[in-house]
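Next come two complexes, and both contain subunit A; in the first it sits with subunit B, in the second with subunit C.
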Partner chain A sequence: MQPSSSAALSLGVALLFLSMLAGILWGTAELSWAERLHVLTRSDDAPRGVSLIIWQWRVPRVLAVALIGAMLALAGVLMQSTLRNPMADPYIMGLSSGASAAAVAALIWLPEGVVQMIGVPVISFLGAGVAFAMTLLLSVRRGHSLDPNIVILAGVAISLMFQSVTSFFLYIGDPHASRSALGWLMGSAAGADWADIPVLVAGFGLIAVPAFRYAPSLDAMLLGDQRALALGVRVDRLRVLVFTGTVLLTGLAVSVAGIVGFVGLILPHLARLLAGARHRVLLPLATVLGALTLVIVDLLCRTLLAPEELPLGVLMALFAAPPFILILRRARRAV
Partner chain B sequence: MRSDTFLQLDRVSVAGGDTTIVHDASLAVVKGEFHGLLGANGAGKTSLLRLLYFDARPSAGRIRLMGRQQDNWPRLDWAQMVGVLVQGGGLLNGLRLRDIVEIGLNSSRNGRHRIGEALEIAGLSDIANRPAEHLSGGELQRAFMAQLLARDPELYVLDEPTNHLDLHYQLILLDEVKRRGKTVLASLHDLSIAARYCDRVSVMDQGRIVAQGKTESILTPDRLAQTYRIAAHMDQGVLRVQGPLV
Partner chain C sequence: MRQFLLPLAAAVLGQLGVVHAAPVEIASCYGSFSYDTAPARAVTLNQQATEIMLALGLEDRLAGTAYLDDRMPLQWQSAYQRIPVLAEKYPAREVVLASEPDFLFAGFASAFDKSNLGSAAEWQALGIGTYLSDAACSLHHPGDVPLTVQPLLTDIETIGRLFRVEDRAKALLANLSARLEAVADAGSDRDMTAFFYSNGKTSPYTIGCCGSPALLARSAGLSSITEDINGAWAEVGWETVMARNPDVIVLIDATWSSAAEKRAHMEADPVLSQLDAVRNGRFATVSFSNTVLGARFLEGVERLNAELEALD
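Take a look at the complex of A and B:
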């Protein structure tokens, strides 16, 4: 690891720690500094209400947001490297639009009891899975390997199709149900609790550990399919593994916080600018930056217009637009 | 099969969709030889070479390396033995020139000490830290040439190496490979280069290997007329061309 890369990583980890602490200490509830620190350090004899806000509400929310940011950024790096397209992100395979269409359909058409029994997360997860399967089916040609450009085109087509389906449902649905569906579409981590944390940690670990192990193969993928094959990489198998991992990462993230775009698109680029494209460094750095960004944006969502809470997905998109335009201007393909 | 056969293709066919691109091709490359694969455009040379880095699978026939069937080789071990110089687009943003060379060594697990020498040979030592997006097309090709030289495989598979390198570096690459005494299988369209470097050649036409043998015995006026539709002859290792046949 280059000295500059390890410096960027150490700084990122330090900032992440500080931002998480800020996310726990700041919020809408008016607590004195003595109360906040008291609860954090000696929670046993702290006032019950304050302890509840900090430990049952803010800590799991900050942890969940950090994990979701990390997962989306990790998924973004994996997608961009294996599809070799700087504009690829976890949602390029139609995942988010599939998840939204399913969730909106359920919220509008299914009886409330049924939706609560199955759970919007599960329904959105299924929607993402269906969209992913359709994208893959459209991309596979017998006897040919997966062409990244075809995968992206198929993903865009499936995305557009499900977006129209979502708009159609919102248009014809009952206004009250449509409003609640819209809220979900804009993303929010307000519903995150301790039960989400082990699931997110497990999902993140399940993909992050092998991704790090496959770093040399992911490096080789950057050079082109033929060159990667010549270096001994099983290109098609790696691509299917990565796509499956991305569905898992995105599905889990969507199931807890709804639709939060741009994290998987922007942060991998920022990490690449800071530390280069080699995956041994890029993967951890992008992951830390994804977590850091989403923790900060979530804190702003809670505090900017307090006591009103802004939707996480909307604010993230607002912050992401300027860097996105910069990336578009920089995007140049070598070779 | 000779005991010193390094690579053996035994009645190999390659299918592309409903058509057969390579028919029943047999080829033996002896250890240490420079073997040229000649033929007009579309003769099937590239399709045959794609088999050697798993970019295509034979629809019939067998491929053996050192007597062991291709499917029985672990991919990374195969890649360590068989190094390939191919064209192909990539997403190189964020990589430095040196990274391109190093990535080639990750899977072969050795050869780091050869990076400096390889960059030197390819004339890239001074720009090793330059970002890939600031390299010219020629410099990128030389970066991949340096990657191959640093990997230094037992079998060099070169697909039209003269296509994207300027003449100076074509000769440097081929001289270096020849000097190392490793086994080479190269598709070449430049017959002067073939005459200069190849110990033996195989000539492909419409997906079949139609002739095979020592270079000077194959590059005869009749064969050149039949394969390339030109009137030409070899004169002490140099190709003398009279013109196209009509």
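Take a look at the complex of A and C:
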């Protein structure tokens, strides 16, 4: 590891901890410093309401947001590398559209009781899975290896299809129901609680550990299929593994916080600018940056208009644009 | 001959008198429109518009209604059922035009959106007058100025004048004014904070500072914990509700989100169930139509008053 990239990583981790602390100290409700200190030190003087706000809502929410940011950035790196496409993101195989269509259909169309029983998270995860399976089926040709361009095109087609389903339900739905569905589409971690944390940790660990072990193979993928094969990488098998991992990462993230765009597209590029394309360095850095960014954006969403809250998508797009322009300028200079 | 001519002349003059009886000029949010005769085929596009027509006994002038937010109350149900329902929500323009209306009455500005009926000006160009409930006119009532009950009185007075039923309008206004005074007295010494819960589980949709729901809260002598937020409605974080710990929770009952479901959600949630109001069962309920400044608004204030008194 180069000294500069390890410095970037340690700085990122330090900032992540600070931002998580800030995410616990500040929020939509204005609390006094005395109250915050009492609660954090678990003193007996802590007012019960404030204590519940911090321990039952803010702490799990900040943890969930950090995990989701990390998962999306990790999925983004994996997709961009295996498809060798800078515009690839975790949603490129139609996952977000499938999840949205399922969630919106459930919120607007299914009876409340059924939705309560199954839960929107499970429904949206299933939607993502269905869209992924359809994209994969469209891309596979017997006797041929997976062509990244076909995968991307199939993803676009499936996305368009599910987007029209989503629009249909939003349009016919009662405006009040459509409103809550719209909130889900723009992403929000407001519903995160302790029950989500173990699931997210397990999902993240299950993919992050093998991804790190496969780092040299991922490096080889960047050289093109032919050379990767020559270096002994089983390209097709790796692609299918990565796709499956992405479904798990993205599906879980979406099921907790709805559609959070840009993290999986921009942060991998930013990490590459800072640390280069070697995956052993890139993967951890992108993961930390993803977590850091989403924790900060979520904190801003909760404080800018307090006591009202903004959806993640609104601010994320705003913050994603400047770095994206920067990346574009760098890329043009490089060419 | 004279015996014959005189009644004829009187009849002709009488006829002319009706036709040319000073045309009524009605001011609406979108400018004024002149009506030579009282409309005979009116179409209402929202529930509060329909209810004002029915409260004035004008069901025989209605050629169609649309868009209910909740059930039509019993006192108007039989009259309502005799009027064709053009659509469950907003009808398409073609459907409206096919019903041959001479007057369109909307309760929310969205009725005249491009994607719904199209602009009021287009309808007026066709010779069809339009009226939007004064409370819904953002030109007259910006989102940061608290609403008063005056727009409701304006609506009743205007519709009464347009349909030449001024006497009925006057009687209805007198009735409302008397009830308004009575509730103002009842709520005047109430010192209670309230959280109004409309819908939403992950973050609740509640009332802002200045729309008709906030007027409902003020009229019942409640101070809303979200009266620092602009607009009629707002989505807040649950944290705010926890931190501001309201004395009472007012559930807004609607077809799309029932009061019982919201109460069950708060009682089952590990954190929200710890709110003082939830622990002590201090809930009150109003229906969604009661939060709209229409013919049933006062009934909402009275109902809220009665429920709050029962809690004490």
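Here is the rule we use: the second predicted complex is superposed on the first by the 321 of 335 C-alpha atoms of A that agree within 3 Å, B and C clash if a C-alpha of one lies under 4 Å from a C-alpha of the other, contacts with A are read in each partner's own complex, and residues count from 1 in each chain.
We take it that a residue touches a chain if its C-beta (ideal position, glycine included) is under 8 Å from a C-beta of that chain, and two chains touch if they have at least 3 such contacts.
Because the structure is a prediction, the values reported are computed rather than measured.
**Student:** Regarding the shared-chain residue A:Gly119, is it in contact with subunit B (first), subunit C (second), both, or neither?
**Tutor:** Neither partner.
**Student:** By the touch definition at the top of the document, which applies to A:Pro210: first (subunit B), second (subunit C), both, or neither?
**Tutor:** It touches nothing on subunit B or subunit C.
**Student:** Pick one for A:Pro322: touches subunit B only (first), subunit C only (second), both, or neither.
**Tutor:** Touch status of A:Pro322: no partner.
**Student:** Give one of first, second, both or neither to describe whether A:Glu30 is in contact with subunit B, with subunit C, with both, or with none.
**Tutor:** Only subunit C; A:Glu30 stays clear of subunit B.
**Student:** State whether A:Ala220 touches subunit B only (first), subunit C only (second), both chains, or neither.
**Tutor:** A:Ala220 contacts subunit B only, not subunit C.
**Student:** Overlap the subunit B and subunit C contact sets on subunit A and report the shared residues.
**Tutor:** none
**Student:** For subunit A, which residues are in contact with subunit B within the complex?
**Tutor:** 80-81, 84-86, 143, 216-217, 219-220, 222-227, 229-234, 272-273, 276-278, 282, 332-335
**Student:** Help me check something: in the complex, which residues belonging to subunit C touch subunit A?
**Tutor:** Subunit C reaches subunit A through residues 199-203, 205, 226, 228-229, 234-240, 242-245, 254, 256-257, 261, 270-271, 274-275.
**Student:** How about subunit B: which of its residues touch subunit A in the complex?
**Tutor:** Where subunit B meets subunit A, its residues are 15, 17, 50, 53-55, 75-80, 82-84, 86-96, 99-100, 103-104, 106-108, 132-133, 135, 137, 140, 144.
**Student:** Inside the complex, what are the residues of subunit A that reach subunit C?
**Tutor:** 27-31, 48-50, 52-53, 56-58, 112, 174, 176-177, 179-180, 183, 188, 190-191, 302, 306-309
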